[in-house]
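Both complexes below contain chain A, partnered by chain B and then by chain C.
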Partner chain A sequence: MSVRLNKRSGGREARRVSRQTNIEQIIPFIERKIPYYELLDEAGLELIERNADTVLEQIGLDFKDFPQALDLFSAAGADVQGDRVRFPPGMCRSIIQNSAPAEYVQHARNPERNVIIGGNRTVLAPAYGSPFVRGLDGVRRYATLNDFQDLVKLTYMSPGLHHSGGTVCEPVDVPVNKRHFDMVYSHIKLSDKPFMGSVTSAERAQDTVDMVELVFGKEFIQTHTVLTSLINVNSPLTFDATMLGAATVYASNNQATIISPFILAGAMSPVTVAGTVTQILAEALAGMAYIQLVRPGAPVIFGTFAAAVSMQSGAPTFGTPEPSKIMYLTASLARRLGVPFRSGGSLCGSKIADAQAAYESANTLQAGALCGVNFMLHTAGWLEGGLTVGFEKFIMDVDQANMLQVLLQGVDLSETGQALDALHEVGPGSHFLGASHTQANFETAFYRSTIADNNSFEQWQQEGGKDAGARANAICRKMLDSYVAPPLDAAVDEALIDLMVRRKALSEDRSY
Partner chain B sequence: MSVRLNKRSGGREARRVSRQTNIEQIIPFIERKIPYYELLDEAGLELIERNADTVLEQIGLDFKDFPQALDLFSAAGADVQGDRVRFPPGMCRSIIQNSAPAEYVQHARNPERNVIIGGNRTVLAPAYGSPFVRGLDGVRRYATLNDFQDLVKLTYMSPGLHHSGGTVCEPVDVPVNKRHFDMVYSHIKLSDKPFMGSVTSAERAQDTVDMVELVFGKEFIQTHTVLTSLINVNSPLTFDATMLGAATVYASNNQATIISPFILAGAMSPVTVAGTVTQILAEALAGMAYIQLVRPGAPVIFGTFAAAVSMQSGAPTFGTPEPSKIMYLTASLARRLGVPFRSGGSLCGSKIADAQAAYESANTLQAGALCGVNFMLHTAGWLEGGLTVGFEKFIMDVDQANMLQVLLQGVDLSETGQALDALHEVGPGSHFLGASHTQANFETAFYRSTIADNNSFEQWQQEGGKDAGARANAICRKMLDSYVAPPLDAAVDEALIDLMVRRKALSEDRSY
Partner chain C sequence: MTDENYDDEEIILSELDDEELTLQMHDDLYDGLREEVVEGTEILLARNWSAEKVLNEALVAGMTIVGIDFRDGILFVPEVLLAANAMKGGMAILKPLLVESGVEPIGKMVIGTVKGDIHDIGKNLVGMMMEGAGFEVVDIGINNSVEDYLAALEEHNPDILGMSALLTTTMPYMKVVIDELVRLNIRDDYVVLVGGAPLNEEFGQAVGADGYCRDAAQAAQMAPLLLHNRRASRA
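Then we have the complex of A and B:
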């Protein structure tokens, strides 16, 4: 059983938005045409690489309660004592560079939505992991499956987002040991973009794999990657059995994992940029090497999530310079290693979609675009350090995501781009509005924000003096009202529902 | 008569803010320690330079009603017909590179506040030119001299701003032909940071020069620069007599000018990035060459202000990718030419300090920092395309300005920065909060925002659920309440007031 090609995917709303915003076309992912920003020179990066090797050799990492990792590392030449694994200099790097792909295709059930992750590509995905939502009624509350589905729909309808993400919110109205079925099913049913699998246990990862087998076929997924899933490191320097279990299932089945140190710098890493990056590199190297030992060639992404902890309150802070610096450095290190890189997003600490949220998100999104993130989780919707996903914020961030696409396109140096004919036509002291070059090119000329109000003060006031949140609210309601699901083969749909019903019936509801 | 050294300048409030935010120290300007972001390669930049030469040679610029410019250009070898001046290829560049300084010191009346403009320095200045303010009462209204003075005070108290700016707002309660006296006097009296002069006529520029002579001494200013003033180009390709008159006064007196094409791209320039940059380069080259012909060696800055015009509504738009690209390219071109560069700022189209304002401002500020702006006008306070300066927005933007300083500091690779001892001390599975490295370094570790609330949702809610604007409002009130003027020599003060009273009495009040 394999997915039917769907040429009409994307939806009218997405095409309408695309026309409105002057995104040139609906593209499955961004192909970068501008240089990377390298914050540090080669000598600085080499110093951090040496220090990471020192950490791997002298301190090592704990792989807690997971004999398979200890055995594989021991066989590969690491020094294993208890759960602690110490690595000879260069060992992890060498294992990774021997087999990890520099880029890979993640297949979607609609082949037009396939993404390439790595190299000069940027793939944008929505927020991940929030137990709360801030709804269109302005109320913060626990997230439900209905919220989850709305976020999948909005992502499907947003040309600026290329990937459906994973736990776009935590649907707390469904038992924890069963909701992964509903989440994976929602991604498949309500969207045709690629998505992520459950990572909260090996069993749930296996359920995810079994579900995608029904969509793509059992043979297909052994040779093709259809899932990219998030494996957080328990920083500092620890991998736990839960995450390792899920990672092992995915890697064994040729599915991609993001090995992602999750760092609140100052608490879970040293209180400096270089020290934190050293630790992140050591953790990512060890985790990615493990994946390659499980199945050489299984796609793996170097992940980084870093906030700075306020040393006064203990609260994580976002959008400040240090997390940006950490992102720039880890992106450079991932490129030197030759693997795809995950970071970035609309990270912010604000509880609401106010100016704080926007400054912080924009600072992180810009750094993510310039440093060369290949897979950007959390691109849209983040609030409150990730505890909440906001619907208005989601719509605002998608506008920024659209802009990243335009930024990464670089500068058109064609004759049309050079516009010498326009300069000759208009000359000094006139204006370009009526020039033939302007008339021929204005429709695709400049990015048009979906959210910004650039009208006069008087007109804005007449129209109610709304802030950006109010405008995003209206857009969001309109999108949800006009959502049309992409077609799904009825037999596939039936098989997925059948699997869910059977598996759910096997166990009691649990809250863990 | 010259200014008295004032060792106690800066104010307690500024030092308090500096401690709170972990800006390492109050510095007079930023010395950049990170690379520039080069959006385009050398071949692309050369293409634009060739095209600008084509524009200068084949189309030329109008220097309206200003025979002095036509005569100087003619004598230097340009083809002058009527007001139109056409330049042989390379002529402007050669004139500039023969005498324009790559960097210069702008002296402040407090030498500790002197700034260096050019090279690897970044000098941040507040918003410029708004006829409206959005006050702390949330009302948008015409600006007054009292607003102007409040903005000068706030700038003086903000360690993140290095320069007092110029027309921080337009005080419409003072006659247009007299308010330049009050503006210049306010900068001198209420602050000890460097500032800008009046440019609305040659006469007002001369009044400004006469006033700074009273502060610095007549001889001093002929060999030292104490003013940096903004000369906008009437794009496309036109300089008018008003701006040329002011520029000529400043250049003749060895004072600095910013030759700044003011571009709403699509209306005043071609509807493409490369075409707009070509025009900007041509305009800036011609204007800077004129300055060097007036007085070889007079400091001159390559300025760029560019927004994109919405081709649907005609409204200018900010914070979108195209203005950022224009800024990256013009920064590269200024570096290649070897002159200081002005651009950037907290540019936005929003009427209020909401998420739109913050996204747009952050996008522009980040690009300004990475492209290598030397003099950043409009760093704080912009709203509504520059029609309004907002007090809450000002405080928010200063927080971002502080962050730019930290970003531009780069990465500490000292042993403390590397933090290997911390990694050894803590090891896997613990935390760094109590580590001796953390204890020794946490106070200066991470930037602390003055505006952001990163507390828990519950705590934030208990404290009133305020947005960033409300917090900025409270900070602004506190700052204005605690302002203390820097000491000013009483004889200087008296002489300034005397000059103002005498000159103001010479003419009727006028509104132009």
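Then we have the complex of A and C:
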């Protein structure tokens, strides 16, 4: 009879498949439904804004070896002397507010994975820039292109990471002047999530733009954004020609840049939270104004990366309260300005995925989520202050990243969420495990960690007494074994390879 | 700091005997008191101490203590900067006298970050520690090409060339510089030290440096030894 047939869900076979395979439902980015955690009141934030204006007006910033920036600023009304640019109060702010978008779409080659950056969205991306990896064999070594590709694959397979990132590790085995081709190609070929471009020279940025033209079309990219790239400020108060060169290429082509004061407080900024935030705001305002002068309307993100240096050695430290406060304040300032905000990540100073790594990463990750980060770089894999990306750490961080989606979702106040029917049904005493409300909702009710072991001591022991790192190791191997590349149009693939081969042949392999 | 840390009595350096004064100078170096270190240096010279004896017993010995406490996490970077600055004050007086008396100076170092790289926090710390160890340090800043290094070597005639790089995209440039020194047949005129977080021991060897320094304290420890060996092998 049909009624009885409908109750059957396929028995053991089907249940096993549905519980064990990750049939991914694409959630392209997180839509936040909870309030922002504001650390300072209006008066406090205004004070910092005024102080930043004082810095911009009285001290100014150096735009080193890059005449184009000086010309643009001068024409816009800034006082330019040598490399030093001083800005009348409010000038940068009004340039930015006139044309910088409050949010933008970064297109992916798979439109289902387009991300919106800004507003109430949070987009998570993996770690960036590490020259070393800690492999699944537990050995720390220079990263290779193979590692790079593995990290792109893992990111592609991690639903909680919405963005493929950029230099997920530095492929040290490929010549310096050619490795950007392989990095960009790997992002395109092995993943269909949005990604970042090369910034280590203007020429490499242009190569990146030329490659994405082949994927998205020449006209398309002039009206749509397909790259978001990382431009660091050489704090204190200096922009260098390398970063400006890359930023200019991207902005001229309507591609997004993240203007990031990257601060080791105490060395690159004052030792206080308010002083550091003042400097960050001044630097970000100047950089974002430059982008708007290059091309009004080009998407630009207010970035902040803050760590404190150990006053005992100069080494960067992570997960301490001061950088979290800096993050809360800069997030508020970015919202007041009306531009997207980048910060956060699973930052730590630990060499391995141990308790130090977990505590420090959790501290930064939570603060990043609560303060309202729109684009979160370094969400997965980061170790050793960014010198190393760890594969086990990556998997552990992805588990945490997945949880952010649930946290930021806020509280379900629908009828189901209120669960009055369950309370009626069960009443005093008894238990909820068999209640029909529970039967209907248990599968998705609670976040299920991929890493945590909550079994009895005996079962845990019988299964080898593994720690979280060892469990992550097994998951990672399994993921890499089961990776299947997203299809890429053969003609596009051929065109990309052809461009790479031709461009690479134009110059000798160089090690700088 | 509270007042309890201080003796109420004003210390008059010139009233101390040699031993007391030397110990007081160690304390003054530790506290980063440049004027006092300069004064102590002058007093010892006036008491007919040789410049070399002042250097070794008052200054270098004092900075050794600073180095140990920095390593042990008792002294902080800003304090070591002050101490190194006080040391420089004393050195400024001793230097011409050391040259005059034919004493080989502790050494001179040219240090800079390589081309394409603007990271300099680590390099600055190395400069600080080297000055603290009595070296004369010429810091040529960031983003240095082969030509910049060669010009600095020519102009300052140092014993040591130090190169710093924080990027895997710039660290291979160290080899470009060293290869050029080899080509010009001047490689052996210098002790070449390299450092920066993405480097390691093997890399240092592969580019042909004399030493890879994992941190600033190690650079200051390694430099005198390598220099000593080099001078000995030439004598």
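Keep this in mind: the second predicted complex is superposed on the first by the 487 of 512 C-alpha atoms of A that agree within 3 Å, B and C clash if a C-alpha of one lies under 4 Å from a C-alpha of the other, contacts with A are read in each partner's own complex, and residues count from 1 in each chain.
Please note the rule applied: contacts are C-beta pairs under 8 Å (C-beta built on N, C-alpha and C of every residue); 3 or more make two chains touch, one makes a residue touch a chain.
Keep in mind it's a predicted model, so treat the numbers as computed, not measured.
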In this superposed model, does chain C or chain B come into contact with more residues of chain A?
B
Is A:Lys504 in contact with chain B, with chain C, with both, or with neither (first, second, both, neither)?
neither
For A:Gln312 in the superposed arrangement: first (chain B), second (chain C), both or neither?
both
Once the structures are superposed on A, label A:Thr242 by its partner contacts, choosing first (chain B), second (chain C), both or neither.
second
Just checking: does A:Arg295 make contact with chain B only, chain C only, both, or neither of them? Give me first, second, both or neither.
neither
Is A:Leu370 touching anything from chain B or chain C once the two structures are fitted on A? First, second, both or neither.
first
After superposition on the shared chain, which partner residues are touched by A:Thr200: those of chain B (first), chain C (second), both, or neither?
second
Pick one for A:Val176: touches chain B only (first), chain C only (second), both, or neither.
second
Touching A:Thr272, do we find chain B (first), chain C (second), both, or neither?
first
Thinking of the overlay built on chain A, is A:Asn234 touched by chain B (first), by chain C (second), by both, or by neither?
both
Check chain A for residues that touch chain B in one structure and chain C in the other, and list them.
234, 267-268, 309, 311-314, 387
Please name which positions on chain A make contact with chain C in the complex.
131-132, 142, 170, 172, 176, 200, 234, 240, 242, 264, 267-268, 309, 311-314, 387, 511-512
Show me the residue ranges of chain B that touch chain A in the complex, using the header's touch definition.
34-35, 37-41, 44, 47, 51, 54-55, 58-62, 64, 84, 140, 234, 236-238, 265-276, 278-279, 308-322, 324-325, 329, 349-363, 366-367, 370, 384-385, 387-388, 393, 396, 399-400, 403-404, 406-407, 410-413, 416-420, 422-424, 426-433, 435, 437-438, 441-443, 445-449, 451-457, 460-461, 465, 467-469
Touching chain A in the complex, chain C uses residues 70, 73, 75-78, 114-116, 118, 121-122, 125, 143, 167-170, 172-173, 175-176, 197-198, 215-216
